[in-house]
Structures are given as C-alpha cells and as structure tokens.
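Written out below as structure tokens is the structure these notes cover.
Chain IDs A, B, C and D follow the sequence of writing; residue 1 opens each chain.
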C-alpha cells in the first residue's frame, strides 16, 4: 500500500468573479523516505495542493472532491476533528517566510513546546528538553539559550531551522515544504537543503517540496511533478524531467533559466505570454496559447483537454503531440540550443 | 530603559507646567484683555447686596489685584510648598499640594478632589472592565462570523452605542429601570467600596452599563478590525498546521496579537476617564470629579477649575507613560531605547 | 432674596424632547389663573392646588427619614452667610431666629410669630429701639443655655462682609454702630452697646440709626440665629454649625450631602412653632434636575428644596397625567419677570417713546415666552399680586399690542417711523431669549428695530446690563430683568429695584428707575409706622413706576411644585411661596 | 580604454546608532565601508552579494537618493557626491533607476500614460509630436501595446508592470540605468522575457547598466563585469568569464558552489563548500578581512591586516591574502586604479 496516494483531487473556490479551479484533478503517489518535487509558477495551484493535503481547506469555502489516502486513511471524507489530530503528528508543513510564519509574541521554545504537547501528553519541562534537542538537531548553536529568544532575534536561516525543528517535533511521516528557501540567501539556502536531506534520511519521512526553482528541485527530488493551470502536465523521475522532458512547458522552463553549469547562451529562450488565471483557464490544453508547437496538433490543442498518458516507465505527459514528435523536437530543436 | 523613563518623566513634568500655565491664562489673562477688572471678577463671589467696599475687600483678599504672574507664582508655590488661609478667627495651614481654596464654598480644593476621586475611580474601573470584556468578545465573535446576522446586528448596536451620549442613555435607563421597574438604584446613590461592596456594585451597575455601552461599541469595532487582520496572518496558518484546536488558534494566537493596539487605547481611555466622566456623573448625580468639574465651571470657581484640570492632566500624562512602558511588555519586538 | 433660577441642564432639554413629546408644552385649557384656589374641605385636602390654602395629609405622627434634594447647592448653611430663600426656609430646622413666620398655608403664613423671643419686639424711642425677651430654658445642641449674648454675637459677626460675603446687609445699614467698629475679628474689643445691648442673659436691645416700624422683619432674618462665640470659626463655622433648633448636623459633606438628627437638648415646650415630626433629614446636593423630578414622581425623594418648580420635561408629564396633577401645587411666588426700559440714551429718555414700547409689546406673547399660564399670570404692575399694598393697575390695557396707541406715542416723542435700539437678555436662560424675540417681533410692527444681545447670567449684572458705563456706551435701551422679594412686603420687594440711590458703578439690579419723587416716597414708607399705611405708600410707588413707564412688567411668576409621596403636613407658606419645611413629616 | 561614465572612490555610508538620555551616538552601521569601482560606457556591471552586504545601499548612493558619509562619486566628470538636489536634477535625466517590486513601484492611481510621461513633465521637455506620441513609442519599444496608454497598473500582470517601470526610465533616453533586483520578483518564464528586453534595449539605445541582484546565474547571464560584495566591501571584481571560471576569493567560491544546479546527475559529483554560521552584524564587522570568521583558509594575518583589492590577472582583482586560482604568486599585486 503506498504511503501517500492522491486520486483525481479537485479543489475549487467559488468567488464573486467565478469558480477558481486551483487544483483540477491531481493524482500522484509517494512512498516514505522518498522526495517529490512539485514545480510550477505562481498561480499554478501548487500551494493549494499542499494545504488541502493537510486538510486546512476543509470546512472552509472550498469545494473538495477526489481522494487523499495517507497511510491507509482517506482524508477528504474523514471528519475535520480526525484530520486535525493528524496535523502536526503524522503530517507537518514548513512555510516560505519564517519571520511571518512564527508568532511574534511567543518565544521559539514556547511554539515548539506547544506543537509537541498537542500530540504528547507530557509536562512542560519534558517538552522543553525535547524542544532544545530538536533545535540542536537542526543545527542551531547554544540551543538551551536560544530556546527562550523570540523569532525576530533569529537570522533568516536560523528562523527557518527553528521552523523545521517545530515541524519535526512530533516525528511526522509526511513533511511538506512550501518554498522553504525562497526567502533565504544562497549560502543559507544550501545549508537548509542539506539539513532537509539529512533529516529526511534520519526520520525516513516522505517529503514534498514545492518550489518554482528548478535548481532546488533538482537538488532534492526523487520524482518531479510539473503543474500548470491547476493540472499536472508532466510527472517522472528527476532524470526523466531533466534529461528527456517531453512537455513544451517543461522545455520552456529549462530554456528560460540561466545556468551556471552551462556556457552563457546569447539569449534566453523565454515562453511568450504569461501564466493563465485559474478562473477562466484556456480551453483545451491550458498551455496552448503559449505553446510554440500548438499548430502541429491540428487544432486539437485549443479544443480537447489532453490526457495524462504514460510515455515510458512511469514518465507521464499531458500533450496532444505524439511521443515520437515530442522526442524528435526535443532532440533536434530544444536540446542543442540549451547546450550551445 | 531607565533613561527612557527619566526622559519621559521630564517631558511629563514640562507638559503639566504648560497645561497649568495655559489654563491659568485662559481664566485670568484672557478676561483681563476683554476689559474685565479684578472687581468684576470678585463680584462673582459676593452676595447680591454687597457694597463696593466689600467687593474691593474681597478682590484684595483673593489677591486679584496682583499681576497675573505673581498670582500664578503663588499658585505654583502652593502646589509645591503649601500656603496659609485666613478664615476669620484664625489662619489655617494648607499643606502641599495645596491647590488653594474654592472662591464659592471656601473649602480647600485638594481634599475635595481626594474625597471625590474614589467615586470617579469606581465608575471608571467598573465601566472599563465591562466595556473591555463586552467590546472584545463581541468584536471577536463578529470577526469570526463575518457577514453573519450576529456580525451585522452587533455592528448596528455598536453604531447606536457610539452615537448616543451617556446623559441620554443614562437618564432613559434611570427612568425605565430604576424608577419604572425599580430593579436598579436611583440616581445619586453611592456607597464606598470599603463600606459595603455589595451596595457599591448595586448602586453603580447602571452608570457602569451606560458608560460601558458607549465605549464597548468602539472597542467592538476595533477588536473586529484587529481580529480580521490577525486571522489573515501566516502564523495563524502555521498554528492550524500544527494541529491546534480552532478555539486555541483564535484565543491564544489570534486574540493575543489583536489585543496589542487595544491595550494602548484602553490605557489612554482609562487615563482620560479617571480625570472625570463628566456626562455620566452628571446624568447619575454621582459626586465624582466630573460633577465637581461642571459645578466649578458653572460658578466660575477658578481654584476648583485649576485643581481638577491639573488632576485630569496628571492622570492622562501618567496613563500615556504607562501605556508606552506596557507596549514593550506586550510586544517583545519593541525595545525602549 | 436671591432666588437663583435653576440652569436648565442639557440633559433636561433632551429629556424634555423625549418625555414631553406626548404632553405638548401648550397651556391646559381649563386652568383657572390667579390666586383664587378652589374651595377645599377643612380636613385633609387633596387634588390640584390643595396645598395653597390647606394642609395636605395632616398628621402628628413622629418618626421616619425625610429625604430632601437640590440640583444647585445654596450659598452656605451658616445662618450668618446665606441669602437663598430655600436656605432661610430650611435653616429654621436647626436654627431659631428671634422671630419667624407663622407655620400656616397661604397668606396667614406671612404673619410673624415669636420664636426664640417670647413675643414680638417692643419698639420705643419712636421705632429706633427694639427690645426682645428670650424664652427661658432654650439650649444649644451641646446643652449650654442660649443667652442674649449669643444672639448679639451672631448679628455682629455677620456684619463682616469680607468674611461672610453672601448674607444681606440690612443690619449693616440700620444698626447704630460705633465708627471704629470694623468686625468682631478685626476689632474685637470695641464696645458695641450703642448698637446692641444685652442688659441680662434673657434681654436684647437693638438701636437703629433711623426709625423703622417693620424691624420684626429684620428679627426674622437668619442673622439672629444664636452663635456661641467660643465655637465660632469664621468661614469654617459652616462645617460645624452649633444647632439651636430641633435638629442638629450628624454629617456635613460640603457639596454632596448633609444628614440631620434630633437635637437631644431641644425642648418642645419652648417651641410652639415647630412640630419636628421626622427623626432624621437626609439632604442630597447636586442632584441632576430631571432625575430629581423623576425621583419625586416615583417617591424615592420627598422634597425639591429649591422650591422654584419642576423642569419643563416634568411639566409636560404633569399636565398630561391626571394622577400627577392631583399631587401638584401652582403657587404665585413673590417674583415678577419684567423688562427694564433704560432712559439713559435718547430717544428713550422721552417718556412718550417709552410708552410706545409698552403699547407695542405683545403681552400674551411674553407670557408664552416665560412658559404660559402655568409659569405665571400676565403682569400689569412691578409689584407681584401677593405683596401687601398691591393694587390692580392697568395703565396700558393691551393684550397683543396696540399699534395705533404705539404709533400715536411715537409721533408724540418725535420718532413717527420708529427708532433703533439694543435689548440684552441672559443667554443661558431660554425663557428670556424667547421674551426678547417676542419683543423684537412685536416692536418691529411699529418700526422700532431691536438688535438682541445675550450675556451669561454670572456676568449679566456685574459687567453688562447692571453696569451703567457699559449700557451708556453701547446704547442699551431694553434689558430683561426679574426680582423676588426678600420678604413679602413692599420694602422686601421694591427697596432694591426702585431706589435710585442704590445704583453703583456695577452689579446693579435697578437698571432704569431714576426718579427723585419715587426716592422721596421710599423714605416716607420707611418712616410710616403702621403696616397698612406703609403698604399704601409702596402701592403708590408701584403706580409711580408704571406712570413713568420705567419698566414693562411681563409675568407674575408661578412655580409648579409636586408634593412628595407619603409626606405629611405639606402646604405652601405665603412667606416663601414654597412648602414650609418646618411642618413636614413622613408616613411610616 | 572605453570612456568611464561613472567612477566611485572609497565610497562610505554609515548609519548612526544612538543610545542614552540625549541620544548620543554610540556606534554606526557601516553599510558601505570604502568601495571603489568604475563603470565603462555601454557595459553592464553586476553587483552581487548576500543580504546585508550593502549592494542596495550602493545603488541608492550612486543615484544620490541618499547622501554618502564619505568617498567620491563622479558621473560624466561631475562630482555629485554632495551636490544639492536642485543642481542634481538635470543630471538625473541621464541616470535612472529600475526597482524590484513591480506592484509597489507604480502609483496605482495614475494611468500608464501619466507614469511614463511624468519624466517629460518634471524635466520640462517638449517633444515634437507631443508627450502622448513619445510615450506610445516607448511602450511599443518595451513590448507593450500602445493603446494601454489610458489603462491603470492593476490591470497588468507582474511582468507587464515591470516593463512599464522600464519604459518610465527610458522616457528621457538616460545614459546610465541602475537596476535593483530587476527580475527577482518575477516568475521564471517572465524573468527571461525581461532579461532579453534589457539586453535588446542596451544594444539599441547604447545604455550602460549597473545591475544589483543576489541570483548569481542571472547576474552571470546579463553582466560583462561582476563585483562580489561582502559586509560593505568589494571582495572580488572581474570579467564574467574570469570570475565565474576561476574565482579567486574563497567567498566567491563558496557562493558559486552553493547555487543549486538544475541537473540531478551532477548532484553527487560536486564538491560542496559549506559556510557555517551567519553573516556577522554590520554594527561591528570583524577586523581586517571581514570574511575571516567564516573562511576555512583564514590565517593569523587575515585577522590583523586588511587585504587590499589587488589585480592579480588582467581586469580581475581580489582582496585576499591567500587567493585561489591565482595565476602565479610572483607578480606584485597592483591596487586597482
């Protein structure tokens, strides 16, 4: 039985201007000890996915359908109270901006103690000792002294470490990190990514990392899921996505990123236009207005929604072009330009 | 921290001096500019059939002929050193802080203020606790149930609360509840707390509710806005992600952050209120500082006016200082450099 | 007598709006005016105006606590330092002057009866010397016997107007004081026997510097309430007044409340005047005006000490609620609201122009301005109807203003198409503002243009209308005025407002009467021995003032008083035109 | 040697820190502490470094948005270090700035036409066919539709708004543009469009750029020369190829090795340099070489003697006693002109 299984998850928000389809039929699975990278630009629905797995949209205005199986339990139909008891214990989350994600008026120690004592009936003293251990585990110097300081007294990197300590305090089996290093400097980002890799190994937790930075995804993920317009448009192992991508949007992402490990190309290969609004998602394939190869689909691109089809060994793509056409275009037109 | 307090205390003292100088000139210098002679002023305090000599003698006794600066100097000396008062068969020592003697009742002003302070303090204490509790809880509930019937209803009542002056609500309440149904005490009833706490509360429950009704409305709207802000913050989402019960998320995390501005305004409001709830005290005939103020002003009784103005100013300045110090306690990010 | 009108507080105005919406402020249809009260049965009278001529709810039952309250405190409880009518009425429960008023309803209440003295004063040396014998066995609250020396000291101490600023100055003007006497404090060892002699502990003899046949009225002043010299503390005496009446002070909290309990050393045998029914008096001060009326209606309070009538709000509900009308009395008080016509500036120095003003005025409009029939009857003379010597005068018979006569008078004084002048009024008195506006409209019809100027009460007489220097410089022609009698005889009412010799640099109440003929008549009145003769002279003075068109009388003031629930022996005394506070008792 | 458009010598900016009763100064945050560099006409100089290194402050100093504490700035031969704002205004036509956040740098109440046309009005410049035509030309230049003239900023996406910001700077055909984090707030696909736009404009209008950013890959793509800053000082400056190919300063090495590479296969192979601890506080930076507290090669000399910025290879200078990849030790280091 897979540890985490999503089946056709849909999360729609009715608003004054219409129905926002943030997640529009998402399915994937994840085993413990493995890392899934979810990549997508702003407004692709990646953050809503993570929050709905945690059940934070339950009972709100959102309309949720489909299934979320966690360790054999279905969460969408489960009671709010039950899902709440799992949050923090079985599954935990790390957020992007650690300064605003921690309460300004309570010490870091108090917030970790609180997280721990929700699920473990222990005295404050025991909880504090555990908090100090956790802070030490995540690499904060003099944890016994820093446990009583406030979030604003920590540097960016230290605060994120404290967030991780809090998330891991109850030894969760699933850890979701939403843009964990976007707000950090590059040297500190590197330290945090190393830390997360080590901790995942020690805690044998399933890790979902959500980011727009292909570099971060490449560093950590075993499998990668590319989201666009609330849907998964390509899913595969890290090598599938970086070595033999088969979706025009993935090509576009790789093309528009300057890379240190490659020679400086004359010009970047941007994708024209801008990401779609989730209220009126373009008809047919959501990416068709920006896809250079749409004419080759003979009009299907703008009318029919392509299915997520397996091309080879777990590598799925949602595109009207045939596998051969895609491989040919990648080999002849895209790959050479990237390497020049 | 200590230097901060010292600097603020010096500022406070300077402020009190300025207030005293300005008030003194309003009542002494301005009339003089409008051509009012010392005898005219003295005339206010003599009987109907007083002869010219009596008026001059009274003006002399009250020292109204001296230059204004001398009179102000004498008043300030009185505050710090005290002064003496000739009451006919003898001379009485008036210990510092001596705010002089009322022109009308000839009573020393400072003891009067001290006698009346407990009334205003009781009124202020009771009312402030009630409006804080009601205001905050209504504010929180309407924030959480945004756009619900409760939210709309509460805000309409809040609007009424803010717009109806206490003397109107007070008198209507008195005639309906006290005299109509007889369930609450009549106007003017006051029993000191030390004497009989039960009666003290019974007599003051109506004034408390009237005063609280006015301010609770403002606090409800303030808390509602604060809560709506705080509940949208990231750390609320983190708290929920930790698996906290919603009630704890609201109470421990949401409210704690939303309360900071309310603590500031509450401190200032109480500071002002302790200077005398003029409208409520008059409506309920409570012999507090507010009532003392209105009688003093109606009779143009200058020492009394100077007295209660200075006391009110003192309370406001102290409240300001306390609120600032409290801020550093409430919000750890604030350091009093 | 200084009857401070109650300042209508903002609360009153608002509540008036709320409560009187149903009653409407108009005049009740069937209201009979004037002093003719309906015939009342001898025994316990009831119903509207029952208290004017009869004792309502008579009883001799002792005990209980009488709860009294007032909105604006009076000047002082020290008998030597007070000028308020309510204070003179109330202080008699703790202080016994030589002479006081007969505790009886209506006109009989104005007769003087001996109190501390065994009998009224014996005059000799044709009215310049007056002798009184004190009753035996009268003691202070501390048991020490009261002697004539205590009365002498009481009268002498209050002559020091620098220490006791409030009291009247009659004794200062009339006693034959030695030149070097300043005051009991500044010149204690000066011999004052030339003014007051005490041959023995029971006898006191007053010597005046000029004859006055009504000295008993002076003896009734609170100044004669005995004060033990040993216990006198000057201004501070008000904190520990030594009682000589049936009650003494148990609690004195200046500005908020007084409590009086029975004086153990008071002997009823020595006091035919007072019944002293209640065991205790509880007096609360500074009670909000409308709230006070409500509490009397509800029965939580018994008496409004001020005695000048309820607020407009309560006025409305009394008119509309028959049960309340049953408990109300509408006495004429010895007070007239009138308009002084100043003759300093032309053209009003010409009598014809002054007559034009009187003819043009709308008398009914003025009555409504002051509050309609319940507030008072249309006045045709300066002296109110309940003062001895009052004669029905109607020299200028006009109801709503007689334009023809007015125009006729205007041409006679050389101003055919009218003139311009200024009228002052007290800005914090809505009734006076309404009266000024009524005059403005009425006079405009005949071409007299009025500009209105309002001033606060506290400075009205001291800095504006009562300061000749100001009225001359600013062309003031008309000024609203009002006067209540110190006591109900010609002297008590008119002396302060018609005698031109009382006019000073500032603080005058006589704004317009400067007629040597009238001054001469005033002296004649002082000299006339018998009461009837004296009253006739004051009546003549009243007529002279009207003939000289010095004043335009508006209304003889009436107060609407409400009897307290469960109050016994309640009646309106002619002496003060309010309930007699000595007789009141409380049902158990 | 191409002509220098801007030269900076020993530039300093210290923000005072006050304490005590009379707010006496007790220290200073040395945000920029003596940096020197030149910008040649037509080139793009990249300023890169982590938060707190003083790159943004340097950008503000060059455009004189803030007053320097020390050093000298020369723009086209004029010493503008302490020039008064009035005299600066004409020079401002030639020196413009692009800001980071497209949402907050445009006035929401002005139309696009007003925003882009404002520089004409402020500098009082008349164009032949009138401002509207000129603005529409510029909009077209930056890839926006000319009819957007009357639209408001909130009607545009992030990328389009950044184009409006760029259009505004081009209005008066400036010579030097300072871009502070021009693309870091944009999505990857949009970022590429703006980067290409900036490069096209540079070639077409012969512009000179100073680009301030923390993303090393973007800086490498867009810059001709790159200066690496650490705690208010320039630690290394050089041609792009040289600096990225063979970085000499340990800090540059650490920076480059920390950047995640979007290629899973390279994950194991790379030898990782991990810096420990955080950037020290600029209030009291470490003495001599400021990096010595985190440098794994730090020796005693690094703690005592500040290494000068010496040119060890043509056009490639470094401030380090033990530089890496240095061609050979024999040459005597010459400080940069």
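Everything below uses one rule, namely that a contact is a pair of C-beta atoms (placed from the backbone, for glycine too) under 8 Å apart; a residue touches a chain by one contact, two chains touch by 3 or more.
Computed from a predicted structure; not experimentally measured.
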| item | value |
| --- | --- |
| Which of B-D and A-D has more C-beta contact pairs | A-D |
| Cα-centroid distance, subunit C relative to subunit D, in whole angstrom | 91 |
| Mean-CA-position distance for subunit D and subunit A (Å) | 32 |
| Length of the line joining the C-alpha centres of subunit B and subunit D, rounded to whole Å | 56 |
| Every chain pair meeting the contact rule | A-B, A-D, B-C, B-D |
| Residues of subunit B touching subunit D in the complex | 3, 6-7, 337 |
| Of all residues in subunit B, those that touch subunit C in their complex | 36, 39-40, 43-52, 54-55, 57-58, 61, 87-90, 92, 104-107, 112, 115, 167-168, 171-172, 174-175, 178-179, 182, 186-188, 282-285, 287, 291-292, 295, 298-300 |
| Sites on subunit A touched by subunit D in the complex | 41-42, 141, 155-158, 185-191, 193-194, 212-219, 221, 238-239, 242-243, 252-261, 264, 267-272, 274-275 |
| Subunit D - residues contacting subunit B, complex | 18-21 |
| Subunit B partner contacts - residues on subunit A that touch it in the complex | 51, 54, 56, 84-89, 92-93, 95, 97, 100-106, 114-115, 118-119, 150, 152, 163, 166 |
